[in-house]
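These are the structures in question, set out in turn.
After this come two complexes, each holding chain A, first together with chain B and then together with chain C.
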Partner chain A sequence: MDNRIKIKIFLQELLADYDAGPDFGDDDSLVTSGLLDSQAVLRMVVFLEEEYGLDLAERGFDQNDFDSLTNIMRLISP
Partner chain B sequence: MPNMQQENALDFNLANSVHRHSLLDPARLAIACEGLELSYGELADRARRIAAALAQSPDWGDGESFRPRVGILASRSIDACTGLLGTSWAGGTYIPIGLKSPEARLIAILNQCRLSALICDGQGAKLLTERVLAACPPLVLRPEPGRHLARPSRRLDTHDLHDLPAVASTTPPARIKSTDLAYIIFTSGTTGLPKGVMVPTGAVRHYLEVVTNLLGLTANDRVLEVCELSFDFSVLDMFATWQAGASLHVLPANRIMNAVKFARENRLTVWNSVPSLVGMLNQIKALSPAVLPDLRLTVFGGEPLPASIVESWQQAAPNSAVQNLYGPTEVTVSCMSQPVTTPLLVTPQRNVVAIGSPFPGLEAAILTADRRCAPTDEPGELALAGAQLAQGYLDADELTEAKFPTISGKRWYLTGDLAYRDASGAFHHLGRIDNQIKVLGNRVELEEIDTHLRELSRAELVATVAWPVSDGGARGLIGFVAGSPMKTEHILSGLKLRLPAYSVPSKIIPIERMPLNHNGKVDRVALIRTLEVVGDSLRQWPEKNSTPLNQPVPQRQGL
Partner chain C sequence: MVRLAAFRLIPALDTYPKVVDFAQKLPGKILLLALFSAGISFRTDNWLPLSAFLAVMTFLPQCRPVLLTIATFGSLYLANWPNVEIPWSIPQQQNSPVIFFKPLILAAALVFFAVYYAVVTKNRDGWFAKRPIRNLLVFYLLLLLTATNLPLSSPQALYLWTFLAVIGKYLWFFNYTLIDRHAKETPHLVLQAGYYFPFWGWSTTPFPKGAAYLRKIEAKSPAQLAVSQLKAIKLLYWALLLSLLERVLRQIFYGSADVSPAFLGISFFLGIPTLEAVLHAAAGHSYPWHMNWLALIANFVVRLLWFSVWGHVIIAGCRMAGYNALRNTYKPLQSASIADFWNRFYYYFKELLVDNFFYPTFLRYFKKWPKLRLFFATLAAAGFGNLLFHFLRDIGAIAGKGFWQTLWSFRVYAFYGLVLGTAIGLSQLYEKKRTKDMSWFRKNIITPVYVVGFYCLLSIFDSSDDKLTLTDHFIFLCKLFNIHFS
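The block that comes next holds the complex of A and B.
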């Protein structure tokens, strides 16, 4: 499956857990906007580590990297 | 220069330090938030304008018979800080109102507090619905009038917070008696309705003197602010910083996960937060070794400090001294301290750092059920006396009398916390007395179960609740773990090895998100509500450990 679609589905599942609808734009803020919280970001971190070998120890954590689909795509394919 | 040497008991004002630095060193940085920086001169100018606008309002009164109250519907913003500084400057009492309050709660607080004015920041102004406006005091100060106002009312006099008339740059803060209230902060009681804790200026003055001494802040410090205004740790952040002439760096709530990045980029030297924030940062892998080399001091407070948090923090901030502060809002922010030392002084039952010893000018005692001093090592209710005691609860004389009794001629505050004093004289916190439950005649501490649950589940946020409760008796315990990588069977079998059978929850429920109250602490009441909703299916799940437990709950100890 295309990475973008796979991640989008993952984010939609997250949003559903936060009682938010599945429609969002690639650049929409999901975290800073308050839709998702730190525990959702934690789940993103674990997912991206397992699926794409993301290594945060190397690059350092920045909330902005997880804020939108576009930013997440940039994070896993620099 | 007014008010400099003679800050006696009659004329202390929380705003004095900002006034003083605005005259001595006006260009020095006082506060930074979202790209905006204010010097002491600019901060004082904004506060003086707000003070003048408040004092000219017809509802303000003479300031002698009654201290006017101002609601601050704002948090973690420059407008929140100038709002409460302006209120103090004018001689008023400030009352933070949480931005997460639902409309009905907002209206209830507005009605209860009999405010003379309300000050909002941009976030707060969005909450001014028609119904909220109807409950507002006659004067409302907020940024950009009209933009967020649902329907302007003729009754209301609204002003743009950022466009108030200029005043003389030397106007000093009003003189306030030490018994007059500096602020009223609402705390969420675990049992239900929030209580407004009335804190007099003299208590805050004592607190600031002690804490400034303890922490040794200097004008070169750069201090993190991540607390909501409605959480009284913000009093430490703001006023200890400004007392020292240091700068406060405010991180808004929606960027909290970037706290480490923020502290690094702004070269912060002092970090004040609840320990849970470190737990969260650790989880999202924001902490790496020596990621915060500039930090020289960390102050933890608001909840127990686990030894595991100290360990990860010391790796991330190797140059930082760490202080663990304890204190209820009723004794002015914090009243006991324990420095992190090697070896660490821990409370073995919970593996958290001891709460240490009382501040100078304060007394701590462990009371038995008949209100005598408990012997060394024996648990009882922690009671506090001295200069930082609050005046009591707003409009709740009976509750005030019950929680602030006079014992042997001295006024005490009964914390509701279970604690003991060890042989060295250090105090140890065991949990809330309310969280003590009798199960089959055995005393169970929910916090103690939580400690093991946390270790076994490797989740930062866990909670144990007594459920179901019927006929006043606990029939079982349920454990919640948020985001645990471990299987619940594994956690349960681990608990069975560590705890007596009556302390092992009958069920561990993994959840995606732990409900937190407005101070960021685990909301046990919300968990119980969830169980009430989904409960029937749970009741039928056969579990090995579901022997009916018929003892009354909660079992209050004495008093």
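The block that comes next holds the complex of A and C.
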């Protein structure tokens, strides 16, 4: 499955847990807008660690990296 | 019932298209600025310069970052620069030149950080650049330890302590700049100085977060500015209503004989003692058990209201300047869990702890044990980070009593942090996160009573009063349940 689609499905499941609808644009803000909180960001981190071997310990953490689908895509394929 | 639930004391003006359109026109802008000035005049004596800064930013949105920096330094100048709590133990005659050199010390602190930032960003492979926030905190702690060993009577001590106090005030703003160093939205370091103690309100906790976050939430069109400013007006007037309620409750709970015999014509009061009074009165011994409960609950309610008002006013100013930030306190009584209350009560402090302590811990330790990983990172933030923040904030005590003596005086607060961190950690692991999964009775009765009850009881230990021991606090807790010792 295409990475973008895979992550989009994961984000839609996450949004459903937060009572938000599944429709969002690639650049729509998900965290800063208040749709998702820091706990949701953690679930994204764990998902990306498990699926793509992402290691943010050395790189440094920036919550904005998880704010939109575009930002997340940039994170896994810099 | 549905109509009642949808009722709003202050209408959602920012969702009305005609109002948003009007707010983008000249008369609309002037009206909003006038409404804000009128409202903020109830909260601060500096309402006029604040209103002037906001007016300029409203009409010149393209220059907002530069204007913000000018407004911030302007407001610092008007307020005689930040209160740096010069230690009382330094002889008074030494304090007189402080007014003159305070801006110089401030400049020195900013230059110090600029050098540190340059070293970190230009030597990315250096050991200090790997963990710049931890290294800055350790360096600051070492400086404090060194300073406590210098004789306080020397002029050098005064300069050093003032420098440390200024650094301490800016410490968490500096940390946000370090966190934001990779973010593409981060403005130039010189402009970031305008985000440190921004003119809309002062707190050691950055409101709201760092420069990258502010750039992200900045209004990028006239319509977004209008929405942000309408939300500012709503929040400010909501804060004024809450402030009124807080004063009425203060009158009813405690009376306000020291100020005036009555507030708004209310002269009746219950004469409930303050929490401090019942804690000090032999850990509540001299008051009947029901009075101890009343003191605890009244303190919790009034504090919750005061705190909400304080945060709302700061965020209202921020929104009026064109930064549509989330509220600091958001419906805490509707919390679905202990972790949810922590998120809703003091959002920007929680974010500070999350950004500075939670994420660095979460990303490094116990990766193979998901539950332990989450729990340990939560404890690092709500427990250790919380304690460290409050300890460093108490620099006057560190200078006066010494480093280790002050640390010892935080033993009750350390216990508070340990319980808070543990409770939030367990809540994140095991509690339901959303109220939609709950029955009506659980959602509206059981959960609020137990969540608010937990924080209300925990507030007994939210103290750095070194005259009381941990045992005193426990004795008071037991007396609430009619358990007596001796």
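Quick note on the criterion: the second predicted complex is superposed on the first by the 78 of 78 C-alpha atoms of A that agree within 3 Å, B and C clash if a C-alpha of one lies under 4 Å from a C-alpha of the other, contacts with A are read in each partner's own complex, and residues count from 1 in each chain.
Just so it is clear, a contact is a pair of C-beta atoms (placed from the backbone, for glycine too) under 8 Å apart; a residue touches a chain by one contact, two chains touch by 3 or more.
Not measured: the values here are computed from a predicted model.
Participant: Where does A:Gly34 make contact in the superposed view: on chain B (first), on chain C (second), on both, or on neither?
Facilitator: Touch status of A:Gly34: both partners.
Participant: Output check: A:Arg43 vs chain B and chain C. Expected answer is one of first, second, both, neither. What do you get?
Facilitator: The answer is first: A:Arg43 touches chain B but not chain C.
Participant: For A:Asp26, decide between first (touching chain B), second (touching chain C), both and neither.
Facilitator: Touch partners of A:Asp26: none, neither chain B nor chain C.
Participant: Quick one: is A:Ala57 in contact with chain B, with chain C, with both, or with neither? Answer first, second, both or neither.
Facilitator: Both: A:Ala57 reaches chain B and chain C.
Participant: I'd like to know which partner A:Glu13 touches here: chain B for first, chain C for second, both or neither.
Facilitator: After superposition on chain A, A:Glu13 lies in contact with neither partner.
Participant: What is the shared patch of chain A, the residues that chain B and chain C both contact?
Facilitator: Residues common to the chain A contacts of chain C and of chain B are 17-18, 32, 34, 37-39, 42, 45, 56-57, 60-64, listed in rising order.
Participant: Show which residues of chain A lie in contact with chain C when the two form their complex.
Facilitator: Against chain C, chain A makes touches at 17-19, 29, 32, 34, 37-39, 42, 45-46, 49, 55-64, 67.
Participant: Can you name the residues of chain C that touch chain A in the complex?
Facilitator: For this pair, the touching residues of chain C are 130, 179-183, 185, 212-213, 216-217, 326, 339, 343, 351, 354-355, 358-360, 362-364, 367, 370, 374, 428, 433-434, 436.
Participant: What part of chain A is in contact with chain B in the complex they form?
Facilitator: Residues of chain A touching chain B: 17-18, 31-34, 37-43, 45, 56-57, 60-64.
Participant: Of all residues in chain B, which touch chain A in the complex?
Facilitator: Within the complex, chain B touches chain A at residues 254-258, 260-261, 280-281, 283-286, 288, 291, 461, 482-483, 512-514.
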